[in-house]
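Look at the two complexes coming up: chain A is in both, with chain B in one and chain C in the other.
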Partner chain A sequence: MTHLVRIEDLVVDYASGDGSVRALDGAELAIGAGETVGIVGESGSGKSTLGAAVGGLLPGAATVARGSVVVADHEVNTLRPNELRALRRERLGYIFQEPIGSLDPTMRIGKQVALALPGSGRRADVLTHLERVRLADPARVAKAYPHQLSGGMAQRVAIAMAMAREPEILIADEPTAALDSQIRAEVLDVIFTLAAEIGTTILWLSHDLPAVAKRCRRVVVMYGGRVVESGSAHAVLDMPWHPYTSALVRAVPGAVAEGERLVSIKGQPPVLTGAAEGCAFAPRCPDALSTCSVDRPPVVSVHERDVLCHLAGQQVGVSR
Partner chain B sequence: MRLFSWWLRRALSAVVTLFLVSILIFTASRLMPGGFAEVVLGPLASPEQKAEVTAKYGLDESILVQYARWLGTALSGDFGISMISGEPVTTEFGLRLPVTAQLALFGIGGAILIGVPLGVATAVRAGRRRGGAAVGRLLSGLGVSVPEFVLGSVVVFLFSRFALGLTVGGYVPFGADPAGNLQSMLLPAAVLSVFVIAVTARTTRDAVLTVLVEPYITASIARGDRPAFIVCRHVLRNASIPIITVLSTVSAYLLGGAVIIEYLFNLPGMGTYLVQAVGRRDYAVVQAGVLLAAVVFIVLNMVTDAVAGVLDPRFGAAAKGRKQ
Partner chain C sequence: MTWWRKADWLTRSGLLCLVLLALGTLAGTVLGIGGDPDEMVGPRLAPPNGEYLLGTDELGRSMLPRLFEGIGTTLVLSALAVLVTAVLATLLGIAAGYRGGWLGEIVLRLVEVLHSFPVIVLAILVAAVLGPGQTATICSIILITIPLMTRVVRAAAVSVSERDYVTSAVISGARWPRILSRHLLPNLSGTIAVQGTYALSVGILVEGGLSFLGFGVQPPQSSLGALIQQGSIYLLAAPWLVIGPGIVLVLAILAINVFGDGLRDSLEPREARSLV
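Take a look at the complex of A and B:
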């Protein structure tokens, strides 16, 4: 099976002050065409860095220390600037967290959408694209400036711009985190229906495990700059193998039966300065073995599920 | 409608400001130690001679009467005569304003055509080479901090000591000999421009650096836009408010007359003329000159606000109190 995106052993460091912080510590991920993938993790787990790395969008302070990112058979890290721009233009679409901030405050919406369209975008095309994201009054929105829109409207505009060239893969980095809760579902509906129409692969970065599991076929859990668990959404949610994933599931309101206590995850996520000695979750893990803090856990793959845990081998062994 | 009343309020407040400025400068010029008669006649003049001169120009009347008389004629466009030359102030200004305006034009032109692109270029390249950024900072630091009289003196020395193709001094009006005029203005304009260009480049660089980290720039990069496209379409306009503010300040500074440059290169501009007028207690000239400077400042500020409102819709809406 050829993958649309293939990330192998990716290590990314950020220069900070006199040292450096490791954002990705050997991340592995492969995404096939047409998949809907949700990447879940806390702030600092490296999911945004992973999303940025797909489009070669890492900030200036970041360096790729090791590993490869292959998108549609192009190695992103070694592409020349004009090839990278072509890749972004023709195959990738990005949606970011801050909807109004992602739009140029000095330019009318219609003009911005027109600039994002292939060729010279005509007014009719602009309105069509605004209609596709179910904006109630496209003509009025086209004439408005970003500061005159609500967050939800602005995010729809950003979706229209990201989907304008019908990308092969859409990377949505917490697209609803800055929105009111009742608008979130609508905006997500827009993203997923539009992507399904066009046949765009979705890579949705979020910290909301149940929301991701509801809409994505596959869930990827990140911790400490590594992908610790990946598999079909219902399997991961119903039967998490990695202790971090099960802790996440138990920490979600609504996941436990009424009367039971929500369990928060004790401790803080790690800030790595170099490669983690063993498993990055070991200090917070209730079931940690003595090897966990010494040896980096290997990938255990069973039935299209990947788990990065020393315990997983035993669990698989007893077919839990 | 709201917009109109906003401009009306601005215009009204400008008139009030000018009125207050005229009172202030009228009072201040009369409070300067030593009156016109003392300065013109010298320390050895007799009291009778002084009284005669004072009476001749109406300086023996109370300051209120003098001010009322001046204001009356000023409103009809007559700013009195220079007591030194006996010529109308407007005629005297007419001779000197073109020199100052031309110098200012060169300076503003340099700021826009060289300072702004330089600032953009250094900001866009900021992340690439550390060495380049350091050189840029050093040059702009020098440009801002080396006083005009130092740079001007060096230029005057070099060009008068060695035959470098341009002569120093000897102003020729543009109408009489355009080529000769440009030749005589080139050096002073260049010296004047160094500071102006450095200040503009610095402000532009800072403004562009602030814009470059905005999410909409990241979004534009993510869409695969070319750097030149991003700078032209998104960066320049968003960075424009600080840039036009500094350009407006620089313009006001230049139009006030570049005294040191005018002295160094022997140019008959407004700066030297006003300094001389203050020294000679040539009241009418000082009053008109300061009032003119105030008008320039107020007009430039209004133009800046108008341009800012056009360039950045948020600024316009906020400044004019519009609700949308």
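Take a look at the complex of A and C:
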């Protein structure tokens, strides 16, 4: 099976003050066409960097130290500017966390959507695209400036712009984190319905494991710049193999009976300055072995699930 | 005009003051109110009276037309210089802020070198190289205001180019000319306008200082600085020579700064909002 996105052993460093911070420490990910993938991780786990790397959108302070990002058989890191431009234009769409910030405050909505459309972008097309994201009054919205819209409306406009060129991959970086809880579901409905109509692959970056598991076929858990567990959503949620994933599942409100305490994960996520020597989660892991802080765990693959853990290797008894 | 309705009384009076000053000067110069500024018409050092509203100077020239000419010279020189500064600083600031990299470093270092000179030293240096006069005045104002403006425009350009809508435009395949004209320039225009007003008041001050030292506008042409310099010799005998141009100078700078502050306040709430 050929993959639409294939990330192999990706290492990304950010230059900062004195020295550098490692955002991705050998991340591996393969996504097939039409999949819906949720990438879950804390702030600093590297999920946003991973999302940016897919579009070759890493900021100037970031350097790709190693590894490859292949999108539709193009190696993103070595593309010439014109080829990268074409790749982004024809295949990629992004939705950001802050809806108002993803719209230009100096331009009317209709004009912005027209600029995002292929070709000149006629007014009728603009209204069609605004209707597709179920905006109640497209004509009025088209005439408005971003600061006159609510967060939910602005995010719908941003979705309309991202989906205007019918991208093959939609990368949504916490698209509902800045929205009120009651409109989150509506906005997600819009994203997933539209993507299903067009056949767009969704890469949803989030820190909300249950929400992701509800809508995505596959869940990818990131920690310390690596993908520590990936597999079908219900399998990962029902039977997490990686200690970090199971800690995440236990920390979800609503997962425990009323009156019981939520189990928090002790300690802080790591800030890596170079390659982690062992497993990045070892200092916080309740079941850590002596090898965990010394040897980098290998990938254990069973039943289309990948886990990055020494314990999983022992439990399942297969190890590569 | 919505802006006028939203502005507070201080901003309005600043703008009004500036417009009146400019229009009054224009009318006075064009209509020749008070006579020829270079003609020796009356007694020397006459105090203000019915015939010579602002008195006469040491050569018997009427001060009113000389003041009109002086304001005109100062405003036109400063405005010209600030116009050039605005264009150059916008280009440099965007180059340093959006393009960044080695180009940005070079621009920043050059601007810092310019900024490290004391204002008057730089102006005297320019006057020494080009020879005293209007050209030296304009060049001095440009060199002095460029570092201030470039740095602010660069900072704003950095922040705008990190916004998600610029990234969105990049993803939708926009080339840099389109990003510059559609996104960067419109979002920087407020900053540029506000900085332009500050540069204008700096320009007026530099013209005043340079002409006061004798390196700026040369006689017989008058400017605010030249008038104050010539009048300062007779400060005790004929204080009206200095008081007129002095009041106008203070008023102009005050009005520009008050207006600039109001402009900034009216532009920033929206920018702050888009950052949240």
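Note that in this section the second predicted complex is superposed on the first by the 315 of 320 C-alpha atoms of A that agree within 3 Å, B and C clash if a C-alpha of one lies under 4 Å from a C-alpha of the other, contacts with A are read in each partner's own complex, and residues count from 1 in each chain.
Keep this in mind: a residue touches a chain if its C-beta (ideal position, glycine included) is under 8 Å from a C-beta of that chain, and two chains touch if they have at least 3 such contacts.
Just so we're clear, the structure is a prediction, and the values are computed from it rather than from any experiment.
In the three-chain model built by superposing on chain A, chain B clashes with chain C. In the superposed pair of complexes, A:148 makes contact with chain B only, with no contact to chain C. In the superposed model, A:161 lies in contact with both chain B and chain C.
In the superposed model, A:55 makes contact with both chain B and chain C.
Of the two partner chains placed by superposition, A:63 touches none, neither chain B nor chain C. In the superposed model, A:102 lies in contact with both chain B and chain C. With both structures placed on the common chain, the touch criterion links A:94 to chain B and to chain C.
In the three-chain superposition model, chain A touches both chain B and chain C at residues 55, 57, 60, 85-86, 88-89, 92, 94, 96, 98, 101-107, 115-116, 147, 158, 161-162.
Those residues of chain A that touch chain C in the complex are listed here as 55, 57, 59-60, 85-86, 88-89, 92-94, 96, 98, 100-107, 112, 115-116, 146-147, 158, 161-162, 164-165. Chain A contributes residues 55, 57, 60, 84-90, 92, 94, 96, 98, 101-107, 115-116, 145, 147-148, 158, 161-162 to its touches with chain B in the complex. Every residue of chain B that touches chain A in the complex is listed here, in rising order: 127, 214-216, 218-226, 233-234, 237-238, 311-314, 317, 324.
Residues 100-101, 162-165, 167-175, 178, 182-183, 186-187, 189, 270-271, 273-276 of chain C are the ones touching chain A in the complex.
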